[in-house]
Amino acid sequence: MNTLTLPSSQPRWLQALTARPALWVSLAAVIGSLLVGLLLVRLLGVPVVDAALAFADGAWGSPYAFAASVNRSLVFALVGIGFVLAQRANLTNVGGEGQIAVGGIAATAVALYGHVQDLPMGLGFVLPMLAAALAGGLWGALAGVLKAKAGTNEVIATLLLSFIAVWMVYGSVQSEALLRQPMTHSNTLPESLEVPEATRLPLLTGDYSMPLHLGLPIGLVLAVVVALVLNKTVLGLHLRAVGLNPVAARRAGIAVGSTVVGALFAAGVFGGLAGACMLQGEQYSLKAGFSSGFGFDGLVVGLLARGSVTGVIAGSLLFGFLRSGGINMEMVAGVPTALVVVIQGLIIVVLAGAALAMDRHKETER
Amino acid sequence: MSVWPAAVEPDSATPSSAPASAGALLCLQGMGKRFGAFRALGDVSLAIAPGEIHCLLGENGAGKSTLCNLIFGVYQPDEGVMTFDGQPYKPTGPADALARHVAMVHQHFSLVPDLSVVDNLLLGQSRGVLKRGECADRIADLSRRFGLALDPRARIQDLSVGERQRVEIVKCLMRDPRLLVLDEPTAVLLPDEIAALLGVCRRVADEGCGVMLVTHKLAEIRQVAERATVLRGGRVAARSEQPGQELDELVRAMIQRDLADTSATPESRAASARPMASVPGVDAIRTGRVPEPALMADGLSVVDADGVKRLDRFTLIVRPGETVAVAGVEGNGQSELAAVLSGMRPATEGRFFINGQEMTGRAPREITRAGAGIVPEDRHAVGCITGLPVAENLFLDRLQRFRRWGLLDRRAMREQALELMQRFDVRAASPDVGFGGLSGGNQQKAVLARELTLDGLRFLLAAQPTRGLDVGAVQAVYGHIQQACDKGVGVLLISSELDELIRVADRVVVLYRGRVMGECPAEPAQRDRIGAWMAGHEA
Amino acid sequence: MGWEMAAVFAGSTVRLAAPLLLSATGELVSERAGVLNMSVEGMMLTGAFAGAVGSWATGSPAMGLLIGVLAVLPVALLQAVLSITLRANQIVTGVGINILVLGATTLAYREIFGGRSRTEIPGLAKWAPPGLADIPLLGEHVFHQTWLLYAGLVIVALIAWMMRHTAVGLALHAAGAAPKAVDKSGLSVTAIRYGAVMLTGVMSALAGCFLSIGDIHTFTEGMTNGAGYLAIAAVIFGNWRIGRMLGACLLFGAATALQFQLPAFGIHVPSALLIMLPYLLALLAVGGLVGRQTAPAYLTQAYVR
Amino acid sequence: ADATRIGILIPGSKSDKGWMESGYDGLVAAQKAHGDKIKVQMIENINYADMEQALTNLASKNQLVIGVGGQTQAAVMKIAKRFPKTKFSIVGGNKGDSLPNVAGYDVKQAEIAFVAGAAAAMLSKNGAVSYVGGMEIPSIVNAGKEFGKGAAYINPKIKYVENYTGDFDDVAKSKEATLAAIAQGADVHYHILNLGLRGMEQAAKEKGTKIIGSYTDRCGSDPLYVAYSITGVGYQVEYAIKEVVSGSWKAGYKPFGLAMGAKASDMLICGGTAAQKTKLEEIKKDILSGKIKVLEG
């Protein structure tokens, strides 16, 4: 019906463009920001080719670099999927950082002190993961309960909860009564012990030359599940209904309050899982600053995706590889990694500003 | 100069003349306003002289507020010209209007609830340091001149509705208005407050200010109006130079039907606010001799956040197979009644039963389960989710039915939706188009389709089900309601369309200011009584 | 000795609270008008950076202050255009600006100072109000402060007075409580909100300058380190009233200052607990557990006539 | 011959006025000394999540990888197993698991902190000295304790105040911590801080107290500094590079500190009297001989 109403004089490419404005605007924002990044590289006096080569080498130049980029993308994607899930119910979950943090705490605690490493059938790494998911979920649900009961803006609540959780990690590795490793010698850092071998996420290739771990297939399966839930189930429809019109949803018998809490719980579960992947898949021990701002990167990925799981995957790959390449750019070409941060900031700001234009188009589409 | 609208010929019974433009304060010529494709106003001309109280009448949606907003600069006209004091007048915003001493009291209050009266009066009127004392003195002065008592230090949120209205008026008066526009200022006031307000209007006019008063209430017109203009569908339907004597003609022009005797004595007035026990048949129900009523409402009251009683001890029984209509001018408690019965808002007091089960304070879901179909008054806000496709909206409350292996069986949903759309003549390109893309009538038919196909339907609440629908759609809607009725469903129909509810319903109860004014069989012969009750004529 | 400790504690509290107070006051005005600036953090960082660079380049801390304030204007304008004119989600906008500013200042700092500069950045002079300066202990430890602190207090007092007693204050309040009423009274909601966001920018810039050239005469990458979010937390905890917000800022400042005083008394409280305390308190406040919160009714809602 | 390829990871900012900067200075000195014979890749300001990747990149392209700081140890140990042919040196490493391709250089800050404490006691006019540490980790805490003991060694009645800000780089907090110490009478301050040092300088300048520097010689260039200790972070970086270039690099734990000479660890009072100098020398000797026992760190 829509295509019929389009004036036929419009060229093909313009039709294609107007049909998916969000996609094109997002792409334009990303490409524009990358161009600004290149411009900055020039201004910094670094030959663009050198920088680009260093970038490519760091992002996908070797099996290891590739795997490291993918692992990072995995974390962003998990947080992003959680974000998109909650967003379906019109909830903005900016608490990914905190959910990663509590997930990390829970995974560490269970892996180290939960007597799980001798359990059969991979339970050794499954249980800490589940604990992380649960902890992240509860952390998210807390914001949901505040929203449902007291009408607290979930953005403010999840943000504050993030700060609290980040300092909880700091606190928990400061004290031996909590998760700090026993002080055996003078340089014993405020970190937890390394989690036992059996509680780590098994490597897919078996060695570290390409350290993809089991979190990746788990994440992919979950991504498919979430995409299914969002688009093909009653639950997904309920989420959408609550997000689009809570009053009508309530009238139609949907429990709006529990949906809100549930959505933020689910978002938190993904944050917690991201924490588990970071801890059990890569870092192996909990340290202050463990979450490394990945929760905020995941948030950006979620925002970029505009509600689609495919979008999350694309965005997380973009940022995962961007960051990996950025690190190498600094080592090889001397371009500060802060450049990547600038690019990220630009992308968010441009997309936020373009939202009205994109949504307006959507409205007329209906 | 001809200012008669081309399309509408003046009713021969309405003695009226072209508005005098000589010496007019405000003169409108051929004003038109569109909202998208919708023409809210077309070719409206009128004039207001200094010292004149000019009443603007019209049904809901006739365009009264839109016209006021054009004068006040909130909207800009698409066509037509205005002159003020003989000068061209083209306000681009309220600021322009205020600069020309045009002031307006809006239909909905525009006060800042957590500020004091003084601060509200000073907002936009003062620069630099606030001179609250000076302002309080002026308030006192105005209070004396116009008899409007106000405590300058009181906070708006602590004031009654009437007091707030007074603040709005004083706000206008502070600006030394030359033209005062009042959009339904009396809709929320108590009788003595109305009298006081009309007195103020009189005095303001006596000081040489032009007054434009929007109202639905005939008594007010009789009391103060010097001239009146009736809008209908955005066009001038009639004018009157002595509205006090031509009330009937005005009303006829407004609703295009007769309201012969507005002072008829209602015999069943006593029906209002009676206790449950006095409703005939209650004992029989309690003792199980008669089938459970579809709805039994026992003394339902609703008090809103401002402490105003919106619904006052509403008591009613709807039997299976019976259609009871709730008539009344909008805003007299119908919305609150619907909200309570659909579980969207708790009643302040009273109880109600659906199909014999007590549903007081239950969630909407439980009310649906008890067999109550609800066609809400505001279909956009409550009845549907415009962002979802038609099929999803058709089955919003029973999505579980389409679960197959945990996934949503869209195919089955689509098929059943198509079937339902055919049965209820919902016209859309496909079940997958967005609900918001349907025309108003088709949206309404879709909502009806959903509610009428509810499992175990015993009671149907249809609030304003035909609002905004074309003639064919209206027929279809009432056809469906009639069918449901025939199958033994009890129907409560809330409507302000007198003709239709008389045609469809078995009984009519009339709400006025939240109270049941009277009850009578829905027969054409009762129309006058019903009309009188709707206008608040008790005796 | 105990008294001296108390005086130092008080002075420390005041210094740590001052940047919060400055930026929180700006943010309060903006939130009152209906715009939530998550970007306070970024605005502070901009101010801190530009103030430091300006002071270093011109050799005059006062010029640095001016440059800091000027530099924040485009950032504030960006926030305003995005959230008011383009009606973008205010939170997303703010987070984006913060990330952008963090990256940009880090990059620029390294470019300008080469990352290894030991150059002393001239800082604002200290001053004590005559009379108060001579009070034993207090004079030295509490009242001897950067003049910006006193100027800031005066500005905050002026803003508090403005909010209460002037037409502008009234309009600001109404723009967040009932924008429709503002529009219909002939004022422009958009103009008021733009003004409020710009004021937040200026106040945040002052706060940032206080951090860099006021107190410690240096800039470090990402030096605001969450202070902007803390300022927002103070506004929330202060229930959108300047008086209570002042108390919240002092409380948050004291919580930090306590870290350095407790060891002297042999009391050991985990520092993580003290650091997260403000966030915890703010969470309790927004959760409605510390009295009834009454946020401006139209906070974060774009106005469409 | 090809240049020796060296990768260096500085977890903090290379311009932090402290540990990281000292390490970077060592690198610069080594580059000067070896010229074309070495080729360096460096990365700074790395958070935990990125550290492994950065180390792997460095390890795959270089013959020697230096991690500047104990916080790199865990990651280095992990990566070193995967790159048995690459050599790794950890500056500020400590005893622990050993790998055939990892060398850990122990800075032994506690030793020199004791000496610094002694110097502080000699320099203090009020009979009170203070110490501000960044993170509250054993090596930093031990250094603080030894500083206090060293001061008491000279003046048993001396008052000692210590404080930890939780962050080596937080300027405002170090300033407040120093002011708190000054309020208790301290007039000579020692520290293990990085960027945070600027806060201490600010406080000392305002209150007219003095600082004993660490890492860098500031005698004469800055009147705030009355003495400085050398903690050979830079020296260890230079050492690692020199060993690799000359082919004599060895794995395993290696204590530095006083035993490795003045470039690794030393204490100097700016314009100190002969008596002060001899006393400090005497203390150093006693520590080396074990007559004075100090904690590790």
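Letters A, B, C and D mark the chains in the order given here, with residues in each chain numbered from 1 onward.
We take it that a contact is a pair of C-beta atoms (placed from the backbone, for glycine too) under 8 Å apart; a residue touches a chain by one contact, two chains touch by 3 or more.
All of these numbers come straight from a predicted model, not from anything done at the bench.
Under the touch definition stated at the top, subunit A and subunit C share these contacting partners: B, D. Counting C-beta pairs in contact, the chain pair with the highest total is A-C. Comparing mean CA positions across the assembly, the chain most remote from subunit D is B.
For the pair subunit B and subunit D, the distance between mean C-alpha positions equals 79 Å. Per-chain CA centroids place subunit C at a distance of 36 Å from subunit D.
Subunit B has its Cα centroid 49 Å from the Cα centroid of subunit A. Looking at subunit A, one finds that residues 170, 174 touch two or more other chains. Across the assembly, subunit C contributes residues 271-272, 275 that each touch 2 or more other chains.
Contacts with at least two other chains are made by no residue of subunit B. Contact between chains, per the stated criterion, is found for A-B, A-C, A-D, B-C, C-D. Every residue of subunit C that touches subunit B in the complex is listed here, in rising order: 165-167, 169-171, 173-174, 177-178, 180-188, 294, 297, 305. Subunit A meets subunit C in the complex at residues 40, 44, 92, 94, 146, 150, 152-153, 155-157, 159-161, 163-164, 167-168, 170-171, 174-175, 296, 299-300, 303, 336, 338-349, 351-353, 355-356. Across the complex, subunit D is touched by residues 1, 4-5, 7-9, 11-12, 15-16, 113, 115-118, 126, 141, 211, 215-218, 220-221, 223, 225, 256-257, 259-261, 263-264, 271-272, 275 of subunit C. Only residues 72, 74, 93-95, 97-99, 104, 106, 109-115, 119-120, 122-130, 171 of subunit B touch subunit C when the two sit together in their complex. On subunit B, the positions that touch subunit A within their shared complex are 342, 344, 363-365, 368-369, 374, 376, 381-388, 392, 396-397, 399-400, 402-403, 406-408, 410, 429, 433-434, 436-437.
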